[in-house]
C-alpha cells in the first residue's frame, strides 16, 4: 500500500554527483525522516521519489511497481512544500479541491472529502479565504489538506515547518504526528532539525553528502550511533567527543559521552575541570566545563545544580554509556 | 532542475516560437542576399542575371551611402542622449511629492500613444511650418525671423520629433527605477555629508544603470528602423536620409531590387554590429 | 519618502511638474483643439487658443471623405489579432524558458530579441514577393502575421520576466496534484500571471497599432489601418490644419483612451518587466 524501495539510485547534476549509489527500503505506514546538514542531498532524494527530478541511474519502485520513469502525477504521492506552494488565486476550498478536480472526481465526493479535511484540520471557518489572508500555520494546514484529500499512498514533506515560528512549529509537529497516527499512511519527511527527526520519526535516515550514514529508529541512533558523524549530529546538546590520551585508555581513537551521562560533583570524580558557563533552566542545568586534558565538556544535570563560572568541579562519566570510535570514525562494538 | 519529461515538453513548447522566428529571419534574409547578387529591376525586365558584387560596390560608392550611415547614427545617438538625460531629470522631478501626480504622469505618457505618422504630420504642419506653424508664431512674437525647420534645421527637427515620442518611455522606466531606490540609502549618504550632486552621482545614477541599459537597448531597436517620421516630413531630403530610407528609395522609388538588397545586407550588418555591442552590455547587466 | 516635506517645496514641485507635463502634452492638446476650429481660425495670426467658434464640421468632412470606421476596424483587428496570436505562441515558450531553463536559454532569448533588430527595409522586397505568392498582399491576415512576428520577441521577453517571478514550487505542486502540462499552464500559471499578461497585451497592442512601416508598405485599399488613413493626409491636405487635426484626433483617440484607462498595467508593461 505505500512501500517505497530505492535501489542503486544515483543523481548527478552535470559533472557533480549529488547522490552516489543509494539503497533504501521504506515500509508501508512508516514515518521516515531524512535528516542531515544543508546540502546533504536530502531534498534532492525527496524530489527523486516525487518524480520532480529524474534519477541518473537506479530504480525507484512504489508498492513493488517500477516507478522510475513515471510522471509525478502518476505516482500517487502527495507533497507538502517548504513554501507551502498554495495557489494564490484560488480560495482555500479550491486549493484543496484542485487535485480532486484534476483527477476528475465526482463533485459530490469532492465536497465530502473537502469538508472532512477542513474539519480535521480546523479550516472550516477559512474555507472561502485566499491563501494571502491566512497566517503561516493556517497556510501550512491548507497545504496538508490539499495533500490528504487525495488519499495518497505516501506523503512527502519538504522541510514543512521551517517557515514557522518556534511555538507554532512545536504545535504543527504534534499535529503532523497525530495525523500520521490517524491515517497510518507512509510519510517521508525532510528536515535539517534533528529534534524534529527524533520526535516524529519511526525511522531516521541520516544523510551526509548524498551518502546514508545510518538508518534506524530514533533511539537506535541515539544509543548506538554507527560513526562519529551520526554521534555528533543526533542529540542535543551534542555528544562530547574526546580524543588523545584519554581515548587511548579505552583502546579507541575517539571516545564519546553524552552530556546527560556525566555526573557532576563538587568534591570528587574521574575528571576535574573549571566551569566556563552554567545555564540554569530550572528543569536542567547545562554547564560547559573546561578541562586541561579533555578540552570543553558539556554536562547536563537534571534539576538545578549550584555552580557558577570559575568553580572547580569533578565529572564522572557513566562508563556503560561510553561510545568508542576507531581512527576511521567508525563505532567499535 | 527538471525531469527529462519536462525538458522535452519544454523543447516542444518552445518550438513554434523558435521555428517561426527562425523562418522569419532566414527566409527573407536569404532572398535578400540572393537578390543582392543580381541585377533585378522589376519594372524594367525583372531578373537580369548575376552581377557578383556589383550592387555592393555601387551601393557603397554612391554619394548617398556614407551620409546615410551618418544620419542614422546621428538620429539614434541624438535621440538616445536627449531622452536619457531628460528622462532622468523628469523621473527625479516626478518622484518628488506633489499634487496631482497621477494626472501629470498621464500627460507625460501621452506622446507614446501617438502613432508616428500622426506625430510627424502634426509637428511638420502645425508646429514647424514656417508660415502658419505655431513655432513660427512664437518666433515672430519675440521679433525673430521664423525658422524653416525641416529644411534649415532638418536633422534637429527630426531628432526633436522622435525624442518627443520616446521621452515618455524613458521617463517611465527611469521613474520606476527611481521609486525603487531605498530612501534610507540616500539618508545615510546625507548623514555622511554627501552634497546633493554627489548623492546623485554616487548613489542615484549607479542605481539607474540597469534602467538606462534597458532604455538604450529598446530604443535602439526601434530607432534604427524609424521610417514614418522621415517618410512624412522630409522624404529623406536635407540630409535626413537614413540608411533605412535610402534602401527604401532604391527598392520602391527607383525599383532597383538588386541594389536595394545589397543596401539591405549593409543595414543588417550595421544592425548586427550595434546588436552585438548592445547584447554584450545587456547580457551582463540583465543578470543582476 | 520617509520624510515630511514642507508645503512650500511641494508647491514648487507641483508647479514645475505640471509645467513640464503640459509642455509635453501640448502638441496633442493643440491638435485636439484645432480639430474643433474652422480652417480660417486654425491658421489665424495670432493663433487662438480657446476662444473660437467650436465646430464639428471637420469630423464630418473627414468621415465623408474617407470611411474612418473601416480603417478603425482594420486597426483593431490587425493590432488585436497579432497581439493575441503572439501571446498564444509566446506563453508556452516563455514557460519553457522560465521554468525549465537550460544553458542556452539566455542565448535563445537574446537571439530572439536580436531578430527585432533586423532592419525591416532589408527584407521588404522578399516579404512583398512572398505576400504576392500567397495572395495575402493588402489582407488583414498578412499584416496580422507580420506584426505578430515582429512583436513576438518582445512578447516572449516580457512574459518570461513575469513568469520568472512565479515560484517554481507552485507549478511543481500542481504537477504533484496530477495536473497535466496543459492544465498546469491553464489553471495555475496563467491566472497567476494575469497582471503581467495584461501588461504585455496592452503594450503590444499599442506597438502594433502604431506600427507604420509594414502597415504602410503592405496594404492598399482593403486592409489599410489608421496609420495609412492618416498618411493619406500628408500632402497637400496637410495644409488644411483643422481637417488634419480632426483626422489625427480620430486616429489617436482610441489608443489614447485605452492607454489612459489602463495606465497602471501599461506602466508596468512599458518597463518590459525589466525594471522593478
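We just call them A, B and C in the order they show up, numbering each chain from 1.
Basically, a residue touches a chain if its C-beta (ideal position, glycine included) is under 8 Å from a C-beta of that chain, and two chains touch if they have at least 3 such contacts.
Quantities reported herein were computed from a predicted structural model and do not represent experimental measurements.
Chain contact topology: the protein chains form a complete graph, every chain touching every other one.
More inter-chain C-beta contacts link the pair B-C than the other of B-C and A-B. Ranking all chains by how far their C-alpha centres lie from the centre of chain B, first place goes to A. Distance from each chain's C-alpha mean to the overall C-alpha mean is smallest for C. Chain A and chain C, compared by their mean Cα positions, are separated by 54 Å.
In whole angstrom, the spacing between the mean C-alpha positions of chain B and chain C is 16.
Between chain A and chain B, the centres computed from C-alpha atoms are 58 Å apart. For chain B, the set of residues touching two or more other chains reads 1-2.
Touching of two or more other chains is recorded for residues 52, 71 of chain A. By the touch rule above, chain B contacts chain A in their complex via residues 1-5.
The touching residues of chain B, counted against chain C in their complex, run 1-2, 6-7, 9-11, 13-14, 16-18, 20-21, 24-25, 27-29, 31-32, 35, 90, 93-94, 96-119, 121-127, 132, 134, 137, 141, 164, 167-169, 172-173, 176-177, 180, 183-184, 187, 210-211, 214, 218, 220-221, 224-225, 227-228, 231-232, 243-245, 247-248, 251-252, 257, 260-261, 263-265, 267-268, 270-272, 274-275, 279, 282-283, 286.
Of all the residues in chain C, the ones that touch chain B in their complex are 1-3, 5, 9-10, 13-14, 16-18, 20-22, 24-25, 27-28, 30-31, 34, 43, 45-47, 89-90, 92-93, 95-97, 99-100, 102, 106, 108, 110, 112-127, 129-130, 149, 152-153, 156, 168, 181, 206, 209-210, 212-213, 216-217, 226-227, 230-231, 233-234, 238-239, 241, 244-245, 248, 251-252, 255-256, 259-260, 263, 266-267, 270-272, 274-276. Looking at the complex, you find that chain A touches chain B at residues 13, 51-54, 69, 71. Of all residues in chain A, only 50, 52, 71-73, 77-79, 81-83, 85-89, 98-99, 102-103, 146, 150 touch chain C in the complex they form.
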